[in-house]
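Below, subunit A partners subunit B and then partners subunit C, in two separate complexes.
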Partner chain A sequence: MTVQVVTGNHAAGYALSAAGEANRTARGAACGIYPITPQTEIVEYVARFPFSKARIVPVESEHSAMAVSIGASLAGARAFTASSSNGLAYMTENVMVAGYYRLPIVMVAVNRTLGPPWNIWADQGDTLMLRDFAWLQFYCESNQEVLDTTLLAFRLAEDRRILLPVLTCMDAFIVSHTQTETTLPEQALVDSYLPDLQLPHRLRYDEARTIGGMVWPHEDLSQRLEIDEAMKRVPDVYQECRQSFRDVFGRDPGDVIQTDGTDDADTVLVATGTMATTAREVVRKRRAAGEKIGLIKIKMFRPFPAAAIREACGSARRVAVLDRNYAAGSGGVFWQDTRAAFQGHRNDVLIQNYLTGLCGEDVTPSVIDQILADLASREVAGDPVWMGIETGKETLQ
Partner chain B sequence: MIEIRIHGRGGQGGVTLAKLIATSRFLQGQSVQAFGLYAAERSGAPVQAFCRYSDETITNRNLIYEPDHIIVLDPTLIGAQIAAGLKAGGWILLNSPQPPGDFTEQFPHNRVATVDATSIARANGLGTRSVPIVNTALAGAVGRMLEIPLHEITASLEHLGFVGANLVAASRAYDEVRLVDTPVNTEPFDNVAAAPDTAQGRSILQAAEMAAPAIKTGQWATEQPQRQQMIPPCNHICPAGNNVQGFLKALADEKVDEALEILLRTSPFPSVCGRACPAPCMEKCNRIELDGAVNVRQLERFAGDNGQVDIKPSAERDEKIAIVGSGPAGLTAAWHLARVGYRVKVFESGTEIGGLLRTGIPEFRLPDTVVSNEIDRILGLGVEVETDHVIDRQTLLDLARDNDAVLVATGQQALRDLKLGMNSAVAVAQGIDFLDRVHRQEIRVDDEDVVVIGGGNTAMDAARSALRLGAASVRVVYRRTRKEMPAISEEIDETLEEGIAIDYLTQPMALHEEPTDGIRRHYRLTCRRMALGEPDESGRRSPQEVDGSDFDLSCHRIILALGQSPDVSVFPEGTEVREGTQLLGLLETPVFAVGDLATREGTVAGAIGSGRRSAVHIHNVLSGDHVEITRHADATRDVDIWHDEVIRADAMKLHLFERQAVAAGDALPLEERRCTFDEVHLGLDDTAEAARCLSCGVCNECDLCLTFCPEGLLKRVGHGFEFDYSYCKGCGVCAAECPRNVIVMNHL
Partner chain C sequence: MNATAPLQKSDSCLLRPGNTNCGGCGMSVGLTMLGRALAEANDSCSLVIPACCGIVTAGAFPTTSYGVPTIAATFASSPAVASGYASVRDLNDEPGQVICWAGDGGTYDIGLATLSGAAERNENIIYICYDNEIYGNTGGQRSSATPIGARTTTTPTGKSEAKKNIMAIMTAHGIPYAATLSMAHPEDFSRKLATALSMTGMRFLLMHSPCPTGWKSEPEDTVELVRIAVASGLFPVYEVFDGARYRVTVEPDGSDPAEYFHRQRRFKDEDIDLDATRRSCVDRIHRLRMLAREYPV
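Entry: the complex of A and B
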């Protein structure tokens, strides 16, 4: 293993390529891919990688990028792609096709604000838009986590008990373009972690079949139920994949949620991505000063680890959910699911939503401090709170 | 943890500098971060880059608001605001040739270092002259400033693949950086970082608030687009001085009247030239390189035949001007002089006005009605005419006395002869005289074998006329090859099409009478084969006789068409007859020669050009004005750069144009052509052919530049356009897209 100073995009490109290369003894790798800021570096990396058996197809759009990956995956190749923001929006129709086809495609997404107005900075609204399409979703906070999670994603996606596509996400620029020391595992290790892909419903020349054609309602119902059952198996299979990752690489890719000081906390912050890094620093400092405060970082968003979050909150009575996204007319997406996780289980927890870091705003420790101050002052939860901007000054009525 | 903020411009390598510093620390076992603050990723935009290093694993994911040190890559960015949040006592490294002491008052609480990284980069060939890449030099300076050994900096450079000049630049900067390592003011100082902006941005619903882009990107530019204009080859070559590009543009816009008006500014004979002009504009047309010349001749005919323009004299003047000769030169001069109000009278020796337009070009090429219509337009300005008025030396003097100016436009009256040993007025006729008789319908050549000698338009016209008048056979004898023939190429083609043979490289030597057949006289023309030798003074290869190659042609009639020369017998001996010179030096009255008499060009278009220039000259003499006498049409010069130079095809982006077939127009079927004098060419049905004009070197408002400008900063103003240089960063897309070389990039 070598440690190098590389960007998050470089880490992702390496993980996708090494995983694809690992399938060279089987049907090889394939990738339809289309560039978009801030993901372009991944395209460049993948295009230059000296694959033994792969086809990287430069296409004219994200929709076609996913179409190529779907076709290749159905033919038994280890398929992957990467995109971001409005590119994902354009890809969406085929994103759901991949999920409902039960194809173990891995996609890296760089979270970027959906436009207009044009904005290239971090916001999770793009991948959260895809939350209901039978894809697993992971949100990462560092270059290393992006690399490790992407490798793990292939193993998890291709497990016969799962067979669902996986999306690995990172914050635009804060991760994608930040160069920092990152461990890049050798190909031999990746080879040993990722067995050859065996897709049970692979299409073959000598067996003419169709997939995804017209069905009666009840047939479709059973396919949806199969997806639900696969989703329910994810937490256990994830732990298996995580353990073997540790065995092969000697490093923990991280649990589906990651806690800091939640055991005795009366106040818990829930955060994702690089916001979790900053929140963790604040939590550790405050705990050192004696405050009973904890952090839950949600790494896996789909399937949503509701029970794990509920359990991790322990006896805490105040929970702040930080959302770097805004579902118009509702609030933060992580907040919605976190709040639902408690419904019918516990009614004594004040769960307040903070919209922060939207549109690429920098979430600094002082922002976290402001959130904690607001949370402490509350008797009951209120509407989602917009951080970093004055509200209530409607100029157009 | 050490935090460094770097200020530079896009393309200077700020992010790489951050990585170079980070890598030098990483190689020493520290945890590092290097990243940029990206925005509009364009060359020249102010950008920031950041570098952190620490013995502990770095967990800070924010931008750097309170840096330990600051590095400024671009001298134009040096200002107090870049030091926002810089910790007291921290270094500020400036890329500047000035000593650091020059900046200590500006940054009193900081240590200041300067290095002329720009010069070092240029000296080592790093980047371009306009955008030198200064990062590797600055990495060396950073090493010295932060007490990082030079070998740790060069190790970082090598780790990242930098070699050669970059290493030299780094170590030179390491040596040359100048340091002021104690702040001027060491009092405690809290440099406040800029507070985060919590104000609301603009509402997308309030259009009025959508101001122009705030960043004046024009400051980044190293190049700026400019409008230039060059001379289209057609305009440049046109002997009449017509604005060819201009009238084609009007026709392309289906403005036929405007096209005619443009033509009438220079020539009163568009319908004539649209039929009889050799059209050198078409020979020089840049479109030949793509798919064939624009059919300018037929388009001029279309404008002349179909346009409607009412021209009246613009003023009334008392001066009287006499013009001798009513050919195209005289009538053109009359046209221009009458338009500005002079009292013009034209004297013609023949019975009809029009000169050779009437008698020298047969009906099937130039119908009489066409000539009459255009002459009527000239006479409509009040020009008087006197026919059957022959001028001699004495009457010329009389004219000079009675008028304020005299123009002599008698053309080329002297006909070249050929000694054939046996001169028979019956056997041999001059082509011009033959055509005159044809015009008067005084002659037929039924069942005769006719030989025409010569290679010009008169030869072709005489041969084709003979064919139409019942000749049994017509052949043309010419002593050089087709390439040297002065006739219009299309007319040669049509002559051949109509069944007339041309004997090239053939020189008639002698004519012998043969026994008559009882109906008409019969001759034998002995000819000799020729071969082309060295070029003569006309530039054409001169024919040399081939010994022993004589052969005979049997014929009943010989027509000589060997060209004409001016008859200068009306002037005193030794008078130099040139355009623009006073002919009768003893008189005060200006007397000028004009047209073929003065220029010997021998084309209608040349005569028109001479007539126009002479009219302007006379006007300047009589009025004291200084109107510029131009050889070719002057297009608008409302541009940044006027290039008095012809634009050639290689300066045009021909690949941006679609190939399109030339619209030739219909012609009479061959069988009809052989027996009638009806016009051969039927003309164009519409103006579509004009749209093939590439408008070489002249903006024709195609608006590709407006369409492709990524900044949308080109604005159409009337028929021109303007650049908003405050937002033009000099990307050059407009110039790259301009198909006609109107937009050029000017290096600042």
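Entry: the complex of A and C
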């Protein structure tokens, strides 16, 4: 293993390429690629990688990038791509197809604000828009986590008990363009972690099957139920993939939720991505000063780890959910699902939503402090609160 | 009609009996001709079909009317899905053609950018458009392949714009082979299929495909209609190699196109300018003859 100072995009490109190369002893790798800021460096990395058995197709749109990957996956190759923001919006129809065709495609997404107006900075609204499409979703906070989770994603997606595509997400620029020390595993290790892909339902040239034609309602329903069953198997299979990862690479790719100080906390912050990094610093500092606060970082968003989150909250009575996204007319997406996780289980927890860091705003330690102060002052939960907005304050209030 | 029935390499039954396609459907004849051409060439294929009558033809799971591996692609995606699928075939040195089978909506309209991308990359696929000049599967709306004057559910008083020249667009990509197909000339049709099967790279075939349901024509007139279309110059039958070398493969005999319109109730006399149509037929064939003379095969 070599430790290099690389960007999050480099780490993602490395992981996708190494996974594709690892399938050279089977049916190879193939995918469609298309540029969009801030993920372009990922597909550039893939395009210049010296694969032994692969075809990288530089297509004319994101919609076709996913379509090429779908065709390649149906033919039994390892397939992947990367995108961001409006690119994901344009790709959406075929994103849905990959899920319903049960194809183990891995996509890295760099979370960028959806336009208009045009804004290249971090916001999770793009991938959360795809939340209901039979894809697994992981949110990462560091370059190493991006690399490790992307490799793990292939193993998980291709497991016969799962056979669903996986989306690995990182915050625009804060991760994608920031260089940090990252351990890049040798190809031989990736080869041993990712066995040859044997897609059981791949199409064979000498077998007359029709994939994706018309079905009657009950047939379609049974396919949806199978997806639900596969989703329910994810938490256990994830732990197996995580253990294998530790065995092969000697590193922990991280649990589906990660906690700090929640055991005795009466106040818990729930955060994702790089917001969790900042929140963790605040939590550790304030715990050292004697405050009983904790942090839950949600790494896996689909399937949603409701029971794990509920359990991790322990006896805490106040929960602040930080959302770097806004579902217009409702609130933050992580808040919606976190609140639903408690429904019918506990009604003594005050769960308040804070919309922060949207459209690329920074979530600084002082923003976290403001959130904690607001939470402490509340008797009951209210509507989602916009927090840490430096501009347009007058119109927001 | 089991969905997983083993496929004989020389299976001429690409479109199986028992499908529910309309009587007089041009697309069904095209599929049968394609199956025969593959059998004669001792070749096989996989089909990639976007939203269109072609995928409805398969019927409902778990049965299928297709005797070959078939993928349903989203409306705009068949050339891209085929690009990925054919890439993996080539990576693994496997036999068989990858053929997109698409209607005019998926070709001229929603899938045009995808088709252009695949053509520009010279993907190793065959793309066949069965052009029935209408969104037939949804009940007959106009597409950019609908001819001027035709009444559809979205052009109730007749379409005011001319049909898009998709062959000019595709040949402009400089692809190895582009040709038009008429089932009124089955020898020519079969020869062009054989030519396409013998080549590699992007091959585009455009088939004039009557839809009695949408055209409001009699099913037994299907072949006669496309025969008149060729004879009059409404639908010239030709082929283009590398986007540069032209050959008119069936010469029009100067027949009057009026009969073509009279036999279809999608056309009303008051919506059709026959003199302008006659002039455009002469123009169209003159242009092609000139290209074939100046840039012969």
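FYI, the second predicted complex is superposed on the first by the 388 of 397 C-alpha atoms of A that agree within 3 Å, B and C clash if a C-alpha of one lies under 4 Å from a C-alpha of the other, contacts with A are read in each partner's own complex, and residues count from 1 in each chain.
Assume contacts are C-beta pairs under 8 Å (C-beta built on N, C-alpha and C of every residue); 3 or more make two chains touch, one makes a residue touch a chain.
Computed from a prediction, not measured in an experiment: that's the story for all the values here.
Undergrad: Following the superposition defined at the top, how do subunit B and subunit C come out on subunit A, clash or fit?
TA: Subunit B/subunit C on subunit A - fit side by side.
Undergrad: Once chain A of both complexes is superposed, is A:Q179 in touch with subunit B (first), subunit C (second), both, or neither?
TA: Touch status of A:Q179: first partner only.
Undergrad: In the superposed arrangement, does subunit B or subunit C reach more residues of subunit A?
TA: It is C that touches the greater number of subunit A residues.
Undergrad: Thinking of the overlay built on chain A, is A:R280 touched by subunit B (first), by subunit C (second), by both, or by neither?
TA: Only subunit B is touched by A:R280; subunit C is not.
Undergrad: Have a look at where A:A109 lands relative to subunit B and subunit C in the superposition and call it first, second, both or neither.
TA: Once the two structures are laid over each other on A, A:A109 reaches no partner at all.
Undergrad: Quick one: is A:L372 in contact with subunit B, with subunit C, with both, or with neither? Answer first, second, both or neither.
TA: A:L372 contacts neither subunit B nor subunit C.
Undergrad: Please state the minimum Cα-Cα separation between subunit B and subunit C in the superposed model, rounded to the nearest whole Å.
TA: 13
Undergrad: What part of subunit B is in contact with subunit A in the complex they form?
TA: So the residues of subunit B in touch with subunit A come to 18-19, 22-23, 26, 31-39, 41, 58-63, 65, 196, 198-200, 203-206.
Undergrad: Quick one: which bits of subunit A touch subunit B in the complex? Just the residue numbers, please.
TA: 5, 37-38, 117, 120, 141, 173-174, 177-181, 274, 277-278, 280-281, 362-365, 388-390, 393, 395-396
Undergrad: Using the touch definition from the top, list the residues of subunit C that touch subunit A in their complex.
TA: 3-7, 9, 11, 44, 46, 48, 55-56, 58-62, 64, 66-74, 76-77, 79-92, 94-96, 113-114, 116-117, 120-121
Undergrad: Help me check something: in the complex, which residues belonging to subunit A touch subunit C?
TA: 27-28, 30-32, 53-55, 57-61, 63-65, 67-77, 79, 93-94, 97, 203-216, 219
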